[in-house]
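There are structures below to look over.
One chain, subunit A, appears in both complexes that follow, with subunit B as partner in the first and subunit C in the second.
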Partner chain A sequence: MMEFDVIFGNAARAAFGPEAVILALAAIGLNVHFGYTGLLNFGQVGFMLLGAYGTSVSVATFGWSLWVGIPVGLALSAVLALALGIPTLRLQAVLFAIATIAAAEILRLIIGSTDAIELTGGPLSISFDASAFYDLNPYAEGPQVRYGAGTFAFTGQQLWVITVGWTLVALAGLAVFLIVRSPWGRVLKSIREDENAARSLGKNVFAYRMQALVIGGVIAGLAGVVDAIKTSGADPNGFRPQVTFFTYTALLLGGSATCTGPVLGAILFWFLREWIESFLRQLAAEAWLPQPISDSLSGSEGVISVGVVGLALIMLVLFRPQGIVGNRTEMLIDDG
Partner chain B sequence: MTVDEYPDADAATVEEVEPILRVRSEPGVSKPDPILTVEGVRRTFGGLVAVDIDHLEVQRGVVTALIGPNGAGKTTLFNLLSGFERADRGRWAFAGRLVSGMSADRLARQGMVRTFQLTKSLARLPVIENMLLGAPDQMGERLRIAPFRSRWRDQERDNTERAGQLLEQFNLMHMRDELAGTLSGGQRKLLEVARALMAEPRLIMLDEPMAGVNPALAQSLMQHISLLAMSGVSVVFIEHDMNVVAGISDWVVVLAEGRVIAEGPPWNVIHNDLVIDAYLGRSGRPAESTGREESS
Partner chain C sequence: MWRLMRRGTALLGFVLCVVFACVGPAAAQSDDGTKADKDADQDRADQDHNTAGDSDSTAQTTLEGTIRLGFDRYIAGVEITVTDQAGAEIGRTATGAEGRWSIAVPDAGTYLVTLDEETLPDDLGLREGQETTVETTVFAGMARAVVFAVGETPKATPFGERFAQRAFTGLKLGLIIAMSAVGLSLIYGTTGLVNFAHGELVTFGAVIAWYFNTSWGGLNLVVAAALGLVVCGALGAGLESGLFRPLQRRRLGVFQLVVITIGLSLLGRQAIQLFFGAEPRPYIDYQVQDRWEFGPWAVTPREVATVATTAVVLAVMATTLQLSRFGKATRAVADNTDLARVAGIDVNRVALIVWTIGAMLAGLGGIFMGLDADIDPYLGFQLLLLIFAGVELGGLGTAYGAVVGSVLIGFATEISTLWISPELKLVVPLAVLILVLLLRPQGLFGVRERVG
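Moving on, here comes the complex of A and B:
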């Protein structure tokens, strides 16, 4: 018996859960880079990694307060933006793209190396005491206490994380909205369209790109911080390059260079992914799936659901290239 | 050639209004009030000498045409002077200040604004936003001020008003809210000139502004350029159409193989044998027929 209410509940739970918060923040940051400024940043996960590890290491290794660890994580993301941007932002777009993906991978490999065990936990995950955050939880706790209905339900702790998480998403989204609707945002878009045109009108392209890179990077760092708090730690395996690609998927799903696009995209991404995953699990439970496919479901990677989300993205590009909330005519303009 | 031979104008007023007309017609001659002075500028691409100028001055407040056969180095010279390309050597001063090596955006903020032969309209921005981008010294372009609309709203309103007037003059008002990418090639040329004017330039450098623009609009663009010079803006423009050159320029500089081979008032230069030879030598066609194709 297929229980579609369960499937829907699971999907909705994923769509509003902490994972979606993290993806939404990363996509808001990427939107500043890619959507508005045209920066091909393929290393968004590197900023998230520094946000997460900056927080985790500060608390776990150095024993600092979480309220110090969070700014440290955000500051490290900003430092990465500067370190990455100063040498590469003057290069061609493609070279910048390569530099970003390389930098993110190098960071993950260094942090996850056995030599770094003392500092970061190396290949093992690092964990810290996030009680400073959970002590503030206003929701009642208990083994039986659940908020929601059916499978769409959260514990008090989870609800606290997502309350704070979606508040941060709203604040980050609002901040980005306020700056991109201004003449400053217009300069970003002009750089995306044609940097030499911007230059010929007196805009310091490098400085604007740098500002965009730092802002988007710090917002991604915030995604990393939420990730660290959610799991009370960090694991190098959580920061593989596909995180960046999922972030692009969410951004394009929702609509690049729009204010609500990255948030809607992140919600839809997790809804689709979990809906398919949950659907397939039920099929497997009914033994309606061939053995190799149901075996692959037991892996935590969600190979098939990710594949289907990929397919959805291809359909989207074909039929609605502007994303859910994007502007179609704008999308279909060819560069001339 | 003397001042007396100036077509329909009497010598006294000519001398008063146009001191440029007392300047001798010879390459590299100095001018009474130059806004731009170029000294020994050279640029090579591999073995090809694209630009090699000993000395060139551009007079303030007049319209100077830069002509020459295809590949003469006109665009390259613009690129060098406006900071979009590096010169191998040489120095140049703008408005009395040495600016060689200065970045393109700083030069533009100093008042030296150029347009491109291959138009650079910002395709995914509306026409009006293209215009507003040109406005100088915008408070709202500073990150710290940008989030606070009240701090830049008034300036934005004034700029929007000025942009509207320019769009009106350039026959683009009906396209105000369309994306610039939907404009025709000629409209994009016009938009680019209008946008450059938004930047309130002291010297505007136009690279084939009339190419692809229909004759009626080209006519009004020519008038606009003349008016601009009267209001004190210096204009340098690259053009292949000799009728346009003769129609609006006060002074013509002829470039061939990267060198200034002749300069002088239009009626003097256009029929100069050296110039005709340069055109014929390069393209095998008479000067009149080289121009007017949209190059993008």
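Moving on, here comes the complex of A and C:
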């Protein structure tokens, strides 16, 4: 018997859970880079990595307070933006993309290596005491306490994380909304449309791009901080390049260069992904699936749903590049 | 043009058969268990395994671990001692037949775990930077895995010999990268597409050959590889004529095309994983071979076959590009597509052939990768950034540059392990990639264009 209410509950929980918060923040940051400035940043996961590890290492290894660790994580993301941007922002789009993906991989390899074990936990991952955050939890907790209905339910702790998380998403979204409708934001868009025109009007293209890279990077760093707090730690395997690709999918799904697009996209991304996984698990339970497909469902990362993400990415670019709420004319960037 | 293509393919297949046939008979004896480069790649997997897999004892608070080299050598009889922070001994044990050890501790807390290096076999030692004593914290009722990174003792062989050995491995890696890189570079040159799904073509070749070699009748690997190449070529031709040519007609921007290839890469990798499974798996043939000794080099026949075949294939490619009509047409299209079209060159046909050959070369690269390190669905994606590094170092769009750049990247990657830990060797090509982008974006052999 297929239980569609369970499937829907699972999907809704994923759509509003901490993963969607993290993806939404990363997509808001990417929207500043790609949507408004036209920067082909393929290393978004690197900023998230530094946000997460900056926080985790500060607390776990150096024994600082969590309230110091969070700014450290954000500051490291900003430093990465500067270090990456100063030399590479002058490259053409595809080369910038390759440089950023390589930089993010370098960080992941080094942080996850045995040589870094004493600082970052290396391949063993790192965990820290996030009670400074969970002590503020106003929701009741207990083994039986759930908020919600059916499978769409959260524990008190989870509800606290997502309450704070969605507040941060709203604040970040609002901040981006305000800065891109300022004169500064208009310059940004003009750079995306035609950087030479912007330059000929006396705008310092490099400086504007750099500022956009830092702002978007810090917002992605915030996504990493939420990730670290959610799991009370960080694991290098959680920061593979496909995280960046998922972020692009969410952004394109919602609508690039719009205010609500990245948030809508992140919610839909997780809703659809979990819906597919949950649906397939039910089919497998009914023994309606061939063996290799039901075997693949046991892995931590859904093999089929990630494949569907790839397919969705192709379809979006081909048939609806503006996403759900976007404006098609804003998506016609092409700067070779 | 087509006839020439066919001749080229036949030659390629022939070379492959001959080289394997020469080397094959020397196979099938005992392995000495020192597949150093394979081990290096597996370090990460080992350590993941140590944390995830070994924690079945839940009730007691324990420290535990597995002492091993790679996946195939578990080391028994290694003495492990646990002391508390004051220095009092809590427990002492020796690893069992499967290299495992486990010591129960009375309480949650921080303990010092010491490995007695004297009890390791003579050819092994702790890796550079790995202390014999590790401080670790365990929570109540949990099992905490403690990792000791064991490697072959480097002191036993002199530096020159290690350098020579690494250089050979680097040459092999570089040639494999080069084969995949030529395809990527030619596709970029003729169609302007940066193919992020090129890594999946590499994996695809390895997996298809694996399928013919193991599941489907157990064909000899040489035959399986030849069949795999045909399938790869068909896939490449299908992608160009079925997907990318129609897309090019729609005048999509760079970003759109790149994102489509990324989508293809995710889709392809997951499809491969569904079909192949996530576990790394080897071919049946040529796995266990005695090493041949040439001066400072100790190499397996399969490594010699890899280097010889890739070198010949690349030479054939270079000759074809330089001398044949197809080669001239390809270079003309890469130089200026519109001029080439005006001159009467069928640009679509050139693109189709380039895609076919590019996919075959990538697949062949994957087959050789799988020969030395087991095949897994991420094989190609891991290689992709190395391919980018090789192509970028040589100069984007130049086929010869891609070969030179890739071989240099291969050398740099492997030789770096003389000084840095093998699990960090992939950082080297990426760092080179970024440095080249900063200092010389047109690469070693590219022509400087307007940048930024």
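We adopt the following convention: the second predicted complex is superposed on the first by the 319 of 336 C-alpha atoms of A that agree within 3 Å, B and C clash if a C-alpha of one lies under 4 Å from a C-alpha of the other, contacts with A are read in each partner's own complex, and residues count from 1 in each chain.
Convention: a residue touches a chain if its C-beta (ideal position, glycine included) is under 8 Å from a C-beta of that chain, and two chains touch if they have at least 3 such contacts.
Because the structure is a prediction, the values reported are computed rather than measured.
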item	value
First, second, both or neither for A:190, with subunit B first and subunit C second	first
Contacts of A:70 with subunit B and subunit C, given as first, second, both or neither	neither
Touching partner for A:248 - first (subunit B), second (subunit C), both, neither	second
Touched partner set for A:200, first subunit B, second subunit C, both or neither	first
Which of subunit B and subunit C A:95 touches, first, second, both or neither	second
Of subunit C and subunit B, partner touching more subunit A residues	C
Partner chain in contact with A:23 - subunit B first, subunit C second, else both or neither	neither
Partner chain in contact with A:175 - subunit B first, subunit C second, else both or neither	first
Subunit A positions touched by subunit B in one structure and by subunit C in the second	333-336
Contact footprint of subunit A on subunit C as seen in their complex	43-44, 47-48, 51, 127, 129-130, 145, 147, 149, 194, 247, 252-256, 258-260, 262-271, 273-275, 277-278, 381, 385, 388-389, 392, 396, 421, 423-424, 426-427, 430-431, 433-434, 437-438, 441, 451-452
Residue numbers on subunit A that touch subunit B, as the complex places them	175, 178-179, 181-187, 189-190, 192-194, 196-205, 211, 329-330, 333-336
Residues of subunit B defined as touching subunit A within the complex	82, 84, 103-106, 108-109, 113-116, 120-125, 129, 132-134, 136, 138-143, 145-147, 149, 152, 156, 179, 181-182, 188, 195-196, 198-199, 296
Touch list for subunit A against partner subunit C, complex	40, 87-95, 97-99, 101-103, 105-106, 109-110, 112-115, 117, 122-125, 237, 241-242, 245, 248, 252, 292-293, 295-296, 299, 303-304, 306-307, 309-314, 317-318, 321, 332-336
